[in-house]
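Both of the next two complexes hold chain A, though its partner changes from chain B to chain C.
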Partner chain A sequence: MTTHAPVRVSHRAATAGVVAGSLLLLLLLALPIATLVLRSGLAGLGQLGVDAELRGALWLTAQTATLATLITVVLGTPLAYLLARDKLPAAPIVGALLDLPLLLPHPVAGMALLLAFGRASPAGVALAAFGLAVVGSRTGIVLAMLFVAAPLYVSAAREAIARVDPRYESVARTLGDSSVRAAWRVTRPLAGRGLLAAAVVMWARSVSEFGAIVILTYNPKVASVLSYDRFTGEGLDAALPVAAVLVILALVPLLVLRTLRASAVSGEPAR
Partner chain B sequence: MIAVEGLGAHAGQFELRDVTFSLPAGAWGIVLGPAGAGKTTLLETIAGVRRAHSGRVTLRGADVTRLPAEQRGVGIVYQHAFLFPHLSVEANIAYGAHDRAYVADIARRLGAAPLMSRAVGALSGGERQMVALARALAPRPDILLLDEPLAAVDPRSRTRLRRELRGLQREQSLTVLHVTHDFGEAGTLGDLAILLEGGRLVQAAPPEALFRRPASAAAAEFLGAENVFAGIATPLDAGTEDEAGTMLFRAGSMSLVGLGESTTATHAVIRGEDVVLSPVRTGPSSARNALDGVVAEVVIHGALARVTIDIGDQPLVAAVTAGSVSELGLLPGSRVVATIKATAVHLC
Partner chain C sequence: MRRLRALAALALLTASARSAEAAPLGARASADTVVVYAAASLAVPIRAALDTFARRTGTVVLQENGASLELARRITELHRVPDVIALADEEVFPKLLVPRAASWYARFARNRMVLAYTSRSDGAAGVTSANWYRVLLRPEVRVGRSDPAMAPVGYRTLAVYRLAERFYRAPGLAAHLEARTPLALIRPNASELVALLQAGELDYIVDYESLARANHLRYVRLPMEIDLGDPAHAAQYARASVRVARRTDTVTYTGAPIVYGIGVPRGAPHAAAGARFLAFLLGPDGRALLGAHAIDALSRPEFVGDSVPAALRSAFR
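On to the complex of A and B.
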């Protein structure tokens, strides 16, 4: 018995250490958000009724984030499929290319976008010919959101598709489907919840984007830029209600995501 | 008709190499081999869902090696049914069908008719396989590839499904290639047995020939031959009136007369059921091998028994009925004579 006692004590100490460490981290994450919401949450929701600029910024944020997400779903899902099924010969390069925007500081991403799509750039000139201006426009907001958040969608969509056994498609192909039709009729619905979750993550990330957008398009203002604008122009008290509304809005996709994950079932159970 | 010639394909790190065989139209081929032998890869390459990196696949006399799966007219059923979980049973069966009446007909034949409105998640293992078979047959393919479809099915359903499958195969002249680990299935269903190991073809022959005359000692052991002896084969003395290929095989202190194609044979294979036991030597017999031994062990499995006899320094296993054990008084330590025909001693 005596030989086991030190082991038990050290086990208890380790458990206590793990619990304390976890609680400390959770406190660090929760404290600022809770303080913000408790102090200004109600004020922010109340301000929605009287502050037309705030309502406009939120509406613009929702519209541009939705558009950026839709464009990414259309263009990114086939890419995610090719990556998931190892059908891209240069997959490691493509993977690195997709990871890069996630690693860049977001103002740097904004500068890169400005260089590539600004008025003086060849791409900017070409877009201008179609009446599209990237700088200071909704297009710029969508582009910035897409640049920083699309990799999140592609990565999560790739995982969702990879979880669907490719033999479902094999069976569908022997039943007469082309590979594209089999992916559409079988893999898409089976990966559906995962793809939706990926889109929700991208949308939420787009809503919260600030660094890249502020470089490309200060005006019209999305909610994050409005919050920053009020902080620098009118002080913390003026910025807090806007910030609190953004936090409350962020909870919506978070809840959607949790619900999707809780009910996610991909593929046939192993037998 | 299914013919493959020098077929090679990759499945991750695994490689199927240089597989050649031909299965006539309307025949039932059995694919055997240990796990990782390449059985599923072979089926998938024939179906066209896996690309062949070398060789040729010929179906119905036409080269289809570069033809996509959807144009090959081949049905496939995996061990795990891979029913589409977002569709009902009926929608699964009708997925590739062109004729709604035939969907109902095939569902009825295979016993899936009462399940039509059910969700696939609510089906038992046997029901899933039943639906998967119906789904594969609904587009009326003339070639069916089966990857252990009955492995997870209860014995009663397995017998019924096997009977229905055999009936459908005969009625519709289906050419079937069937991966199985069940040697009983191989014996009862197969016209041709194909043995794979390590991605290579070991032997393709009628099941009886495959089990009686395996190409190698490893093949014999995989196929469940109870007795595989290592030794040296020599031609019998000149002047004897033996049939071609009769040789003397020495394994330790044991000598056997058997059949082989060359003196390079290094193993003798004897199936347990070909060993006849008697308490004493009987009179003249056509059997060329009569070996004196002592019973070492008797293991009874239901109606059958495996009796191990020490023949000098070699253990010989005989498969007999449990009734014979008591009739012959086979107890450990009792003396016994094991008689084996030369034709039952396969040298390889």
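On to the complex of A and C.
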């Protein structure tokens, strides 16, 4: 069936549809956050001054999420590059394997990590030789964050790198750069904004992780565990300020990074 | 024409959204559903009882497990009300649920504390009911326990340690045993301890006998004078008091025989079906099922509160 409605009208309808759809999704996402912050934000900020356990949990969360992100950026960016440039044998299989951690329910991820890296496992024995243990430790928290969030970084970084035309690197190589140097000098800055965005997503996902962390490390408590702990022990009014203050404080680095990204890192033309 | 189609599509969308919404509502309205919240240590026996109940009556059964205090909070704070709530400590009813969220409950079963371990545990070959505390004191042994502020099993473990100190006439024993578990090995509830034990992170945990059996763990029974399982020793248990420091206050728990509580909360969506399941669970078949899972069901439940459904009260007079 063909219709001959004026192009103008269908344009307007399409625009309206796009706007309405966007607004609906934004509302779905913003409403719970706004409710949380409006209901408990002030209480949470007020509590920061008097609640040493809350300050400790927030600081621990920031440290471990940042460390997990840094480790992933260092190890994951080369991997993302190899995947983007099809330089890995069986790249599709590797790519699919990288999605697997995202499929696991998080408590199951925690159990799998426990079995693979616990003190009864060969890896755990090796870790113990360096004085590291995954249970009840910062190591466990970082490991859990890395496991659930690193695939997000690698897949977003791969996309960012794939968008950079490989011919730029070829040019650099014809001018005498080694392939590693060409990738570092040409592709890295051009993909910089995308890599930063990928790191931001990874960091935020790490901050919010609960299920895998609580299996490995209940104490010391990160903010998500503390919030659950307060809910069980003291109820909603004790739990929500923890989460609200986490959201408010996490907004600062997120905004800074998003702004950095917007202000055209490294000369990539703004899109 | 296009607008018409858009309208039709919109109408379809709304209708399907409505019916999607209506489906769970419909299920909720049917009397043949029963939603049960079960304390982690009751998860397996309640599952077995629910399965049998479902087979016999055709009822749709749904079960959610968690720490007793967390389950109670789901009702009081999140207003998610089940049809039946079964808790590891009857005391949680008066502390959190009665009178606002429940008007009555039933004491229905006992359990006892045991020392659970696996074949890989350090010292597994030589541990007995007599030497268990000396095994726990060995520096190379890793002992886990639950958070006393979070789960009944946590403060009960500390009560067992206090009672052991008196029973073995070993001054300072309770503090030594308590100190054997560093903060890193304290967990919110007993089921997570079981996971750590099975993964080889822990050598021993003090836990409910039912959980040890449900998870096929090895365990040794503790003397009845300290295992909180025998009502005849209630007076002795009461000599152990445990102070638990929480963020805002300190709570004192007094040792008592372990008694499980169960009830139909106020505003239960299928209160009648919930009461029917209770009648089954507390009756001879349900008690046999519980017994098969190391939960000692009372021969007759003890009701607390005044608005117990008449059918239930008369069934167990």
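In the analysis below, the second predicted complex is superposed on the first by the 220 of 271 C-alpha atoms of A that agree within 3 Å, B and C clash if a C-alpha of one lies under 4 Å from a C-alpha of the other, contacts with A are read in each partner's own complex, and residues count from 1 in each chain.
By our rule, a contact is a pair of C-beta atoms (placed from the backbone, for glycine too) under 8 Å apart; a residue touches a chain by one contact, two chains touch by 3 or more.
Keep in mind it's a predicted model, so treat the numbers as computed, not measured.
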First, second, both or neither for A:Pro122, with chain B first and chain C second: neither
Chain B versus chain C as contact partner of A:Gly49, first or second or both or neither: neither
Which superposed partner A:Ser179 touches (first chain B, second chain C, both, neither): first
Contacts of A:Leu190 with chain B and chain C, given as first, second, both or neither: first
Dominant contact partner of chain A by residue count, chain C or chain B: C
Partner chain(s) touched by A:Val171 [first = chain B, second = chain C, both, neither]: first
First, second, both or neither for A:Gly131, with chain B first and chain C second: neither
Interfacial residue positions of chain A with respect to chain B in the complex: 165, 167-179, 186, 189-190, 265, 267-268, 270-271
Chain A-facing residues of chain C, complex: 1-2, 6, 67, 69-70, 73, 76-78, 120, 147, 149-150, 182-188, 192, 195-196, 199-201, 246-248
Parts of chain B lying in touch with chain A, wherever the complex brings them together: 44, 47-49, 68-70, 72, 74-76, 78, 80-86, 95-96, 125, 128, 135-136, 139, 141, 152
Contacting residues of chain A [partner chain C, same complex]: 1, 3, 5, 10, 13, 51, 53, 111, 114-115, 118-121, 135-137, 214-215, 217-220, 228-236, 238
